[in-house]
Structures are given as C-alpha cells and as structure tokens.
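Here chain A shows up in two complexes: once beside chain B, once beside chain C.
The block that comes next holds the complex of A and B.
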C-alpha cells in the first residue's frame, strides 16, 4: 500500500507549513467572527454555531500541525542526533531543517491554542 | 513612605480606587497580573541562582531539560493561564448592550480639546446638550455612545472602568456603572494635539432621584442675569456657544447652558472662578494652546468681567 505521507522531504516549503496553518487559522477565526457579528441580525444561526465550527477548524489546524511536526521529527531522524547540525553537508542541512521545522511546529501549535482561548471564553458578540 | 504609597492609589482619578463594578474588575485584573508577574520574577531569579551555582556542574542533558521546561513549557502554560483569566474577565469589564435594545444613551463627542455631551432619549432624540461634564445616576449602567469630530480621542474615567477610543466616523458603545456617589475625573487617553493633556472632564455620580430631577431641570434652563447676557450676546459669543433659552445658539464651541454648575473650566484645565473665566475669555490660546476660540483680550475689561460674572452664575 502506498502511503500518503511523502517518503522524503527535501523542500524548504515544509518549513513554512505549520506557521502557514497558524496564519490561516488566525485570519479565518478573526474574519469569521467579525463578519458574523456584523451581520448577526440577518443570519439565522447562532454565535454558538460559529464557535463550534471554529472549534472544529481549530482541531483540523492542530492535526495538520501535528502531522507537520511528525514529518519534521522524522526528517530530524527521530531525535537521534543533537543540534546544532552546522556541518557543511547535505545530511546536516536536512537534519537542521527538520529540527527547525519541529520547533516552528511547536510554536504554531501553541499559537493556535492561544487563538482558541477567546472562542471558549467569549460567548457573545461584543464591541 | 508606605502610607504615601497607599494614599497615592486613591482619589478621583485612580484605577486602583474603583467606584464601580467594571473598574473593580480592571483593578482585580491588575492585581492578579501583578501577583502573576511577581511569581514569575521570583521563579526566574531562583533559576538564575540555581544555574549560576559553581558547586554543581550541569550536564548538557540537564541544561537542555532546564531550557525546555524553564524556557518553553512553563512560560507557555503561565501565559495561557493569564490570557485565559483576562479573557474570562472581559465580558464583565465590557458589558455589552445589543444595538436593538432601547436604552437612554449619553453621546460624547471628542473634539480638539473638549467634550461635547448630548443626553439622548430612548429614541435617540437629543434631550439637551452640555460639555465637559457628565452626570450619571449611581447603581444603574450609564450607556455612552462615543464619537470623534476631528481626530482620534479616547474616553477614560479610571475610577469607573477601562478606556474606549473615539474614532471619527464610528460610534463606539461603552457602559459604565458607578456604585457610589462622587466626582470622578476623566481624561483623553489618546494623543490628539497640543492641548491633549488639557482635555479632561468630570463625571458626577448622583442618586437616581437627583439625576432625574437634574434631567428635568436641565431641559428647561432660564438665564437670569439680563445685563451679562446682553454683553455676552453683543460681543458675538453666541455665534459659537449656545445657552438654551437665549438667542445664543452657536454649535462650534461647548454649550454653556447652566455653565455655573460645572466644577471646572476649559475641559478640566482651570478652577471654576470668575477670575479664571475672565482670564480664559481674554487669552484662551495662552492657557490652552491650539484652541479654536479666538482671544477677546481687546474687549473692555469691564465687559470681560461682566461676561465672567454672568457665566459663573449661569444656571
């Protein structure tokens, strides 16, 4: 069976996956709540529905970040070697990129969680 | 020293001496953040001391663990806790009244460098206008609609709650409640020009019965000093200032109806005495740089005194 997870990660793009997911989640939450609260009177679903949908969005975002972190961890050799990986070799560069991606994934995970706090605690449209 | 430190936190202009539920929550938030900050500081200093001890050589693995926990995990958890706490308090700090709920609102417009205050009825009709002083009843929420006429200002009464920006073209709602009678000082909290620091106002919190009586009385003002009024009108003051019940109906400057009952002059800049009123009429720009009012120092001194005496007693 062919795995859907790429076998090798050679692209610099993987480095940006987790921060990009965070950015999309950030803008998505902000825009969804702002648009809903501006149009609340004309829409026939409640703010609770918006919060629930964004909660689901948050879970998806966290899952993608975890997947990105797992790929990075694999690229880093599952933590077998220690940083800083600064030799001028292809292997060291790959390990360094894997480690940096793992750290960025951790940061993005926490940032997405922080972004979700208002969804839990702010229960109505406020201005 | 402790006494002076403690007493400096009280007064009519202090977040730490709250006079209403919203301000009490702001003060509570401050103290919790202060305590949180103190705990973090003590923890950090302890870690510094631990790390700098010469007796123990730290292994690389051990040092990495301290960095991971002390540098990433613990700060993230503490930040999460403080952020959650602030968010949890937010609805109480900013009570929200939906747009379609009909309440009596007080419209305050920030202008360089004073406050236009309009009392509105339930249908948003203007009951009357005043300036630089707001009266609210205690024990019930006062709903403000905040606007700006020229640049961004910010409406802040530290004893009653958090600040709210006043932005040209927008109406920002703010609800404040005073739970004890008193006079509280408010300020502009967003730099708005050269006299920004001279743009203050007074909030008087009175009993609901007194407030209703004042609203009724204020809607029908009747100036008495006929001579002073004549001097005021003859020198053109009425082109910019309004006094209800007279021919003065200017809308450019502050409404002066019942000016005599205000506690301060020129948006909290001067005490409310006849001498200071005369001084301000003669040379407003020297007292309040950038003010739109032209100076009237060329008027006969007698006229200025008459205007000042008239305004001082105007009810």
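The block that comes next holds the complex of A and C.
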C-alpha cells in the first residue's frame, strides 16, 4: 500500500516549509480582509463569513505545519539523538535538518496562532 | 579517508610562485581594476564607512541646531536636506553596503573558497555603489539634496515646487544602488550554497554563513518592491503619470506599502549580519562552540520570514481597517520570539564558557544591551493604540536609534576590532578601544534616552526648531551633549584605525585563538586559502589537528595553479562534495566601465539629458555583452582538471549544476518580486475605487490574448532550441530564429492593446498602470530577444556547442520566468476588467 505521507526528501528547501505556510496564511488573511473591507458594499456576505472562512484557513495552515513538524520529527529520528549534531557525517546533517525544521515548525505554529487572535477579537472592519 | 598531498619544499615554492602570479593584484593605477574579494571587500567597507562619517556629521549638525529653542544655526531647508540625507545615507549607503563589504571580504575565507563565484559582479556592485553614493551625497553641496524625509512620502515628494531635483536624485541614485545590492545577494547565495570547502555540510557552516544566506534571500524579496515603487514614482515625476495623485485616481498609500514592504525587512537585513558577527565573536571569547547552533538557525530563518509581516506597523495611523492593523501588530509581537532566542543563545554561550572581556566583547555586549532596550520599545510601538500616541514623535526616533545603533553599529565596531588583524595582520589598541567604547556607550545613552521623554511630551520628529514654552529644551540640550560625546567615541575609534601601528614581532595569524577557518589565511597573500581543506568540524582550528600547517603545506585541494587561471572548488549544496573546478573572472576593466556607464544612464536621466542617457545606455549594453562574450561560458582546453588528492573534476558544467544557472534563477526571483509588486499595485487601485477603470477604455481582450499566445510560443521555441542543441547546432539555430521572430511579434502585440485603444497614461491611474505593466513585460521580452540573438551568435561562433550549452540553458531558464510574466500580465490586463465589479 502506498503511504500518503511523503518519503524523506534530500533537500534544503524542506527547512522553509512551515515558515512558507505562515507566509501564505498571513498574505491570505491580509488580502482577504483588505479586499472585503474595501468592497463590502458590493458583496453579499457578511464579515462574519470572512472570519469563519479565515478561521477554516487557519486550521488548514496549522494542520500543514503539524504535518511538516511530524516529518521533521521523523527526520530527527523522533528525538533519538541530542543536538548539537556536529559530526562530519550525512547522518548528523540529516538530524540537524530535522531538528532545525522542527523548531521552525514550532515558531510558525505560534506565529499562525498569533494571526488568529485578531480574527477572534475583531468583528468588523472599523476604520 | 583521503590521502593528503605531500610536496617537497621546492615543489611547494614553485606552486606558491604560480599561485601568487595567478592571484596577483595589479600595481599602480591598474590596482583599481582588481576584482579580488579582499580588495573589493576592503574598498566597499572603507567607502561605506566614509559615507557613515558624512551622515554622522549631518546628524551632529541637526543636534547642534536643536540644542536650544528658536535656534537659527541652519535654515529650515538645509535642516530638511540634512535629516533626509542622514537617514538615506545611513540606511542605503552604510548599513546595507557595509554588510555586503564584510560578506565579500570574509565569506570566501570562512567557507574555505579561494573566491566567490562572480568576482567581477562584486566589482561591478562596488563601482555602482561608489558612483551612486557620491551622486546622492554630493547633492547637498549644491543645495539640491532630497528633502522630503528618507521614506519620500508623496504627495510631498512628488510636489515639484517643494521637492526639486532632490527627489529624482534620491530615486535614481538609490535605484542604482539597489541594483548593486541585488548583485551582492546573488553572489552571496551562490557562494554559500555552492562554494564551501569539501566536507563543510550544512550542519557545519559557520553561523555567519547561515545568517548571510537568509539575509541575501531577504534582499531578493525586499528590494524589488522598492524598485517597482521607484519606477512608479519616477514615471510620475518625469512624465506626469498619476500613480500617487489623488485627483486622477492615484493613491499615496501605494507608495507607503511598497516602501515599507522593503523598509521593514530592511531593518532585519541590517540587523542579522551584525548579529552574525556576534555569533562569530561570542564563541571565540567564550572559548567554546556556540550553544544551540540549531536554535540560531531557527532564529535567523524565523526572523527572515516574520520580518515580511511587519510593514504595516509603519502605517498604523493611515486609516486602514483595524483588523489589518491587528494582523501586523500580531506579527510584530511574534518576531520578538526569534529575536529573543538569539540573544539568549549568546548569553548561554557566555555562561557556559569562560568569557574574556576584550574590546570586541565590550562592544558586542554593550550593543546587545542597547538593542534590547530598543527591542522593548519596539514591542510597545507594535501595539496600535500606543503607536497612535507615539507615531512621528521623538519616541520613534529614540526607538529606531536604539535598535539600529545597538543592533547594528556597535556589533559592526566589535567586528572591526575583531577582524582588524585578519585584514591587516595588526591589532587595534585595547586602551584606545576601551576609551572609545565608554565614550560611545555613555554618549549614546545620554544622547538618545532623553528622546523618549521629549517624544512622550509631544515633540514631533523632523522639526527644525521649537519654541521655549513647550518644555522640550532641557531634553534636547542633553541629547545634543550626548551626541557629541558619542561622536568623540567614534573619532577615537577612527584615529585608532588610522594611527601608524608597528608590525607585530611574531607572526600570529590567529591572535584571538578563534576556531573558524578564516583565521588560517595570511593577509599578505592574495590567494585566500593556500590549499582548500577538508572540513570535519564546526570549529576546525580548535578541533582539526595540524590544519593550519597542512593548509599552508598545500596538502589539500587546489594547491597549485598550473592552468594559469583563477580556480576555486564548487561543492554540492547539502554535503559539500566536490563537483566542479570553477574558473572565476580575473582582473578586468569591464566591471568598472559597465558600472560607470550604467551610472551615467541614471545620472543623465535625473537631469532629463536624453542624448547622454542614450549614449551611456549603449555603452553599458556593449560593455555587458563584451563582458559576457569574453568572460562567461568559456569552453575549456580540457574537460577535466586535476584538483589534487588524486581527484579530477569537470571545468564546464551547465544547467542546475552550474553557478551561472543559479545566478539567473536568483536574479529572476528578485525580478519576479518586482513584477508581483506592480501587479499588487494594479489590484490595489481596484480595491480603492468603486470603478477602478474610472470609465476609461481598457486594452481590450483581443490584443492581450494574442500577445499571451505569442509569448508562450516564443517560450516553447526557446525550450525547443535547447533540446535541439543537444543533437546539433542547425535545429537549435532554426528554433532560435523562429523564436526571435515570434518574440518580436509578441512584444508588438503586447503594446497594441493599450495603443490602439488610445489609452492616455496621464489622464488617470488606470491607463497609467496598464501601460507600466505592459512596458515592464515588453522590456523583458526585448531582453529575451537579446538573449536569443546572443545564443544564436554564440552558436554560429562555435562558442556554444551541443556539449557546451550553458548559454542556452540559462536563457531557457530566463524564458520560463518570461513566460510566467507574460501570462500573468496579459491575463490580468485583458480579462480582469471583464470579471471585476
């Protein structure tokens, strides 16, 4: 059976997965409310709908970050070895990548949560 | 384990003779044609430092004017020019270039490379920077300096009555320097990714390299929006296209967005390299490896990303919806997390080791203390309600100087003290250094701390004087006294640098007992690494036995220069396995000529001298083509060369394996960001108006769709040319000829839409936006045509063959981006007006 979880990839780019998700989420939220608040008069749905949709978007973003964190955790050998991972081996390099990616996933998770706070607390465009 | 080389003293002397000859810096006035990273880095640094002193003097002039109420030392107009130039020069001509200088100087030695991959590009960047900088700074002596503040807000800065030629000087002078910054970013990214010593896997990279990699990436996404903004701004000033003119549908807020999408990451672009220096200094003076290497990577990458979510916190008082403000407030608070992490990592490293409080550490620790205060006031102003009170007051002036001087200037001074022996072989004085530090530390706090209070008492920034009764006079007098004490500290430091110093009696390349690779280099030799070592540790000088002696004995890679060409190793991205022997450009006039000619274009444009503009543009074009033709993708005399240790490596590689392909990719990412900024502008105007076309006719759908299809065909033909080239030159040439013809037709079709519909760009912002996006795409199409013609010529001259196809591979990569640009352009311009309401 084919697993839906990606195989381990050899790339530097995986390091940036979680922050990229944060960036997409950030731009998405910003653009959505900016367009809505500018065009509210011509749109036939309420700001509450926008908040709900962005709430859903936030859950998706968090889920992708958790997936990225899980992959990183796997790459880090599920915490089998401790940092600093400074041996001159491919293994240490992989563990380092896993650990750094895991840390970045954590930061991105928190940063996405921060973005969700205004969505909970602010109920109208309010200029 | 590889068997290291072993050479007799005679062989070594002969090798050194050849290396010295290849890497020789020319004498006499030809010295200035040098492209070696140690010369370029030094010139870059000294020039940036000189600009800093100039801008500092302007700061003192402002402080002298503000010392007492109702002062008339300088006029309001000169004051306006002084503060605009002070901010502009400090940000664009000191803070960013000094880090490019440090990177160009240090990176090859840290990474164990002989040279960065594009030395001539570095030289080009330096000459651009020098010319642009002199042009911008010199303007104040003709009473023509920009005077609308360093962020140039329209409508003040678009008002020709108020902001005369100064605004053009700012826009064109700095656009030119932005080009230099992007060139440096390309150089740094490719250098760090591809030119590390064998064995230096990414978990072994010096911290400095990690930070610089992130910073260079940030430049790619931060500077292009400003370039796009500059284009719009200059089109308004030069041709009256109303991008920021409200009466014709424009909006000054677009400039604020574009400026701060650049401007806020810029703060971190300045801050991270300075912290990178600290990440080299702290372990050395704690005499132990850094604690939390991975956490530093987290901090660098995290800050790099989050810093792009902060720009609107400069715009909290512009009337954006409060939920938008709250998003940016949240991100501004979030960025404190990674910033805090890196400070705690330094503290942990110091606690875990035995700290030696030398002068570099004094400056580093003092800087961090100052920066922390600035960071805390930053958290305060990130809260929108507080910012509404403090906005545009001296509280902000205090905050930003605490952040920049603590986070950037002090660490840079620490770095200069630390690396002075690396550059000159001599140490700066400890006694002078301590005096300089205490003068600067005390002077800074005396000067800038009272500004928090004058700001909270309501003193706005950028006023040239103030009346007595407001109660601001004591704070201002104290600030002025502090500023002069600070300046005395800087002067002490400068004197220490220039005072004659005796040559040390014993040769000691590593006076601080540092652990990183750069300290193996002999400042008296211009070859960098005598031989390129195999790295097995993060702190090779501490942990790899006999490293220094083995490097100097030429026992590692590239101990010789038999080919008579400048060579360095290219290694793989993740594990740094040797994959190529790269030949880099040597001494040449061409970078200087190209930069000076390009500078001529920008300067002539400022004064609307059209004929000199065209002449300079033609010279630039010829120089760059000459540079490419004679200096890039040279077919080598042999496919493989001996790099030592019994290994042979290819000299010529193409496609994603080559450094040139990466440089094109990185450049086009930056270019794509500028394009995205223009598209952002299009949709921005759509959001601010009920009918963004203002009833004006659009380009229609027909011509944009024709252009779109033709550009896609031209792209496919370019790909076909690359594929056919593998089978032989004739098919490739035919595809190129067809590609050129289709591309020309595509460009014309692109222009036809707005042209046949009679869109007048001065009438309203909608036609102006359509025109500017079409022109952007067509200019890129024209560059694409030049590239196709170039490949055709290279093929006809047998400089591009089925085996040696770098040129067509890189051009195809360009065309991938070109096709994307064209599809987005024409789909948006042709179709969006039909679906929008």
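Quick note on the criterion: the second predicted complex is superposed on the first by the 127 of 127 C-alpha atoms of A that agree within 3 Å, B and C clash if a C-alpha of one lies under 4 Å from a C-alpha of the other, contacts with A are read in each partner's own complex, and residues count from 1 in each chain.
Methods note: a contact is a pair of C-beta atoms (placed from the backbone, for glycine too) under 8 Å apart; a residue touches a chain by one contact, two chains touch by 3 or more.
Remember, predicted model here, so these are calculated numbers, not experimental data.
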Which superposed partner A:126 touches (first chain B, second chain C, both, neither): both
First, second, both or neither for A:100, with chain B first and chain C second: second
Partner chain in contact with A:117 - chain B first, chain C second, else both or neither: both
Residue contacts with chain A in the superposition, chain B compared against chain C: C
Touching both chain C and chain B, counted on chain A across the two superposed complexes: 110, 114, 117-118, 121-122, 124-127
Chain B to chain A touching residues, read off their complex: 72, 76, 79-80, 83-84, 87-88, 90-91, 94, 96, 100, 172-173
Interfacial residue positions of chain A with respect to chain B in the complex: 41, 106, 110, 113-114, 117-118, 121-127
Partner chain C, residues of chain A touching it in the complex: 10-12, 15-16, 19-20, 22-23, 26, 29-30, 33-35, 37-39, 42, 83-86, 88, 90, 92-93, 96-97, 99-100, 103-104, 107-108, 110-111, 114-115, 117-119, 121-122, 124-127
Chain A contact footprint on chain C (complex, rising order): 193, 199, 201-204, 289, 292-295, 297-298, 301-302, 304-306, 308-309, 319-324, 326-327, 329-331, 333-334, 337-338, 535-538, 573-575, 687-688, 690, 837
